[in-house]
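These are the structures, in structure tokens.
Each of the two complexes below includes chain A, the first together with chain B, the second together with chain C.
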Partner chain A sequence: MGSVTATVAPPTGSNVTRWFRTFGAIVVAGFRRHATYRQAALAGVVTNTVFGFLRCYIFLAVAGTAGSVAGYDRAQLATFVWAGQGLLAVILLWGWTDLADRIRTGEIASDLLRPVHPVTSYLAADLGRAGFASLSRLLPPVLIGPLFFDVYLPRRWATVPLFALSVLVAVVLCFGCRFLVNATAYWLQDVRGAVILWTLCSGVLAGLYFPLRFLPGWLQLPLWYATPFPSLFQTPLDVLVERDPAPTQLGLVGLQVAWAVLILAACRLVQRRAERRLVVQGG
Partner chain B sequence: MAERLAAYRALLGAQARSQAAYRTSFVVDLVGNVGATVFDVVTVLVLFGVTRELGGFTLREALVIVGLSSFAFATADLLVGNIERLPRYVRTGLFDAVLVRPLGALPQLLLMDLPLRKVSRALFGLAVLVVAVTSAGIDWTPARLVLVLVAPLAAVVFFGAVFVTTATVSFYWIDSGELANSVTYGGRDFTSYPVTVYGGWFRTLFAYGMGFAFVSYHPALALLGRADPLGLPAWAGWASPVVALVAAAVAATAWRVGVRHYRSTGS
Partner chain C sequence: MSQVIDVRGLRKEFTVRVKAGRLRREKRVVTAVDGVDLRVERGEMLGYIGPNGAGKSTTLKMLTGVLMPSAGEVRVCGLRPVAERTRLALRIGVVFGQRSQLWWDLPLRDSFDLLRHVYRVPAAEHATRLRRCRDLLDLDEFLDTPVRQLSLGQRMRGELTAALLHGPEVLFLDEPTIGLDVVSKQAVRGFLAELGRASDTTLVLTTHDLADIERLCRRLVVIDHGRVVHDGSIAALHSRYGSRRLVVAELDTALPAPPTLPGAPLHRVEADGHRLVFALESAGVAEVVAGLAGLAALRDISIVEPDIEEVVARLYRSPAQV
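What follows is the complex of A and B.
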């Protein structure tokens, strides 16, 4: 990505520094844009809290008197639920149709004129949004949950940085998936079908409705390897509650990274194809 | 009165025609909408895949609760669920246009975009309910036959009241966003499981404070002929129509007060 235009002489500084400076500026802009919706964030936290109570009680009832289910004990289930409710808004599974709206209205034309690749600039803005969400949406449920339930705290020091990395990769991956879903607007006039399909699959296959380890074993392997969904939500939470030994954790995060690279590459490919056939409506 | 009905019928007809005009989109919507309810039921089946009983209930018994809840929620969502768009109407000023017309504001809003695509979801909910009550081994008496017809209808009224009541929050707090979801969709999730699953003040608040226990849990107990492990007498299963009427009265009051409080955003 270069910021060379016809009217400005190419600057003499290092390309890499400039790239990071531009990227950083868009991230900060994304953070500040979302920091203005404080009331909506508060309403979201209330909703996450209610669902935290609901899911937590239900999963604890599943664990029953035996006290454990599918390799999770009661405290691990509680952490899974409450951290999950916070994580939901950080990775933002649902409700992002900015790109599709801009394609439909033709405003995408102004994005294409910018010297920054659309995938890069939308990713940077999304990282900024996720940054604000981790303060306003991830922290509250993580703090509220332990007030009412016994939660599991990581016992290995390496888990904390690995969890942070896993969340970051999940945000990037989820952005990539949303970008692809939105990009169908280049070909279809109405993205509703694609959005509905994504909403359904991501909710149930990412581990939001129930931890995916509840599923029978023969389903789990293809789900993790052949679809990006578990890497969006289930993996960061499994890392946090130390569901698996450290080597397996590393492997799961490695799988996440592989999926993120693959999906981002697909985004760039789709964007290039789309730009070749795009006819911007209107004037 | 007849004129008024004709106007409402015209609104509904226009809606139906406009939604069916884009046939592919409509079919996609029908399928997508049933998917959401299917996954709610799948979730319950998955949970019972790793445990034999949930809160003291077997799968067959729990399905009666799930069936009542999904049918009632889906039907109420079809009929009045679109009231959750009220925040947008208030913000954009469209609500002004609704108020100046010589028809009721609430019926207009409901008919203006009655989501016909949600029909599929309500039918699926009905199917789950029918399968559940026929396979749960219920000892049918005349009283239970009446209850199996009355309880789902009462639950629909109850959820409808919840939709309207929570939507009125946006008259006071325009940016309330997804706040209403915590009670509407939260209520759906709450009523999909036996109340015994929950605990503490959270159970008291949702089950008895807001009345969600009478949507599916108590009617299901009465149908199954089980005593309430939490100690409420057997007649609690028959209280659902009364609870629904109270909820409807609360919703009507909240709506009137809300509309009176409404000030145009002036945009």
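What follows is the complex of A and C.
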């Protein structure tokens, strides 16, 4: 037993390398954790696909005989819908209350006892989840949509890597927003009100219910700059369907990055505040 | 020996809101821990007990950096738990009997592998520790089972392993045997006893099962209403509270008058005078047996050790008397 309780060996390699290794291990574990729920993934794909048809027919109807609306042609609208249906589970706008549940039950104590900052470890786990969702939830609608509709494929080579970056940043940003919504449990215990508000706002203002370009111009500017919502969902899809010229697309992704940095900083701040007033009841 | 835990004047107050009318709510301050002083040496095995709501778990959470103290000084491994929580986490292990630190959806083996990366333990060291825990706690049969499918006893063995894989200097155990069957309890106790014997790991154990304490800890700290009411050995608790060993003598025939033995007053008479119970004070067992043999024919003699549960129950009921 002697060696069982030996102290941790002095670290080798640089701190940054070791940090990335730890981060990577949590990402992989997040992927594997979600990979155990395959039937749930299948049910999600079916739902996303059914709603994909519904949304696609509605938007195409809006485009009407003119064949375009708010700067999107019919093919762009179809791509917007089907890629959006796939991205919904990757970005995960809704349905994540893990942190709030752990705060409510006191399990958060176990997270605080790890040598990794809770925001970092939850982010890493969420990236793993998004990785699995990219395979299980993004691919099927993206492959099914083109079988029934004419879709728009990117014409600029830079669009594909920019889209990948934009999705990655959207995942990080959305995680940050969800973390903040969940963190209200430190103060409120019951987060249902905050979650309902978030569900409503993110559905309408992120571009899920309808592309935000349908809104009047005077509303779009403050929405993009003053709220993180368009950066969550609308921006990656606009990048994919090449709604704007390349420099504008780059600017929109830059705005996404700025929001992600800001929200993650807010997460750390909120977490620090919360830990100072944390009450872990019972046992 | 050096101190690994140094606590001075530790306090924790919670503000609760109580209903004081139809709409009005009043704030009330509840003191969960009220000026605890505690020093623990390296390698010590400390039992930290108290009734429900006494402040045991709150103390433990402050020692591990989960809760912020309202007042007082705390050093664990020379670190301030809340301010230096991440650094402290590398040097302590914690098992909460009522919570899990394992990943619900992952097999135990994957949880352990993830912990290796989280705690940045070199692969060889991790493998050695895991192998020893597998041997001592019989983990092999459920190592590939997802944590959510483990029985409580299996999960607790997994939790213990998880808390030890990074080689902590201090192991905090908050009710590690709660809800376990006799066999699992024995396995956990045996493992912890072995850990205490073979290493200089400091162990702080809170429990309601006093057999855990008797089996593992030489030092016992009793807390009630947030204050330490006893700090010393179990023997010291007995002598302080006047609990004594008993000699039970079964006689062939009852004596006409109750016998008097020097240093061992008669505690009670049972079975129509056929069973006499003496409390050992200054006299030894041999003296009592010799004294009785001269008075009556003995059928059987047995010695009853003082019951710690009884002593502690009396302590909980009236700590002020002690």
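We take it that the second predicted complex is superposed on the first by the 273 of 283 C-alpha atoms of A that agree within 3 Å, B and C clash if a C-alpha of one lies under 4 Å from a C-alpha of the other, contacts with A are read in each partner's own complex, and residues count from 1 in each chain.
To be clear about the criterion, contacts are C-beta pairs under 8 Å (C-beta built on N, C-alpha and C of every residue); 3 or more make two chains touch, one makes a residue touch a chain.
Values in this document were obtained by computation on a predicted structure and should not be read as measured data.
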{"item": "Partner chain(s) touched by A:Trp187 [first = chain B, second = chain C, both, neither]", "value": "neither"}
{"item": "Touched partner set for A:Ala25, first chain B, second chain C, both or neither", "value": "second"}
{"item": "Contacts of A:Gln39 with chain B and chain C, given as first, second, both or neither", "value": "first"}
{"item": "First (chain B), second (chain C), both or neither touched by A:Glu275", "value": "second"}
{"item": "Chain B versus chain C as contact partner of A:Trp94, first or second or both or neither", "value": "neither"}
{"item": "Doubly contacted residues of chain A, that is, touched by chain B and again by chain C", "value": "37"}
{"item": "Residues of chain A touching chain C in the complex", "value": "1-9, 11-12, 18, 21-22, 24-26, 29, 32-34, 36-37, 105-107, 109-110, 112-117, 121, 275-280, 282-283"}
{"item": "Residues of chain B that touch chain A when the two form their complex", "value": "22, 24-25, 28-29, 31-33, 35-36, 39, 42-43, 46-47, 49-51, 53-55, 173, 175-179, 181-183, 186, 189-190, 193, 196-200, 202-203"}
{"item": "Residues of chain A defined as touching chain B within the complex", "value": "37, 39-40, 43-44, 46-47, 49-51, 53-55, 57-58, 61-64, 69-70, 148, 190, 192-193, 196-197, 199-200, 203-204, 209-210, 214-216"}
{"item": "Touch list for chain C against partner chain A, complex", "value": "14, 57, 61, 64-68, 82, 85-87, 89-92, 94, 96-101, 103, 105-106, 110, 113-114, 117-122, 125, 128-129, 132-133, 136, 146, 164, 166-169, 174-175, 194-195, 197-201"}
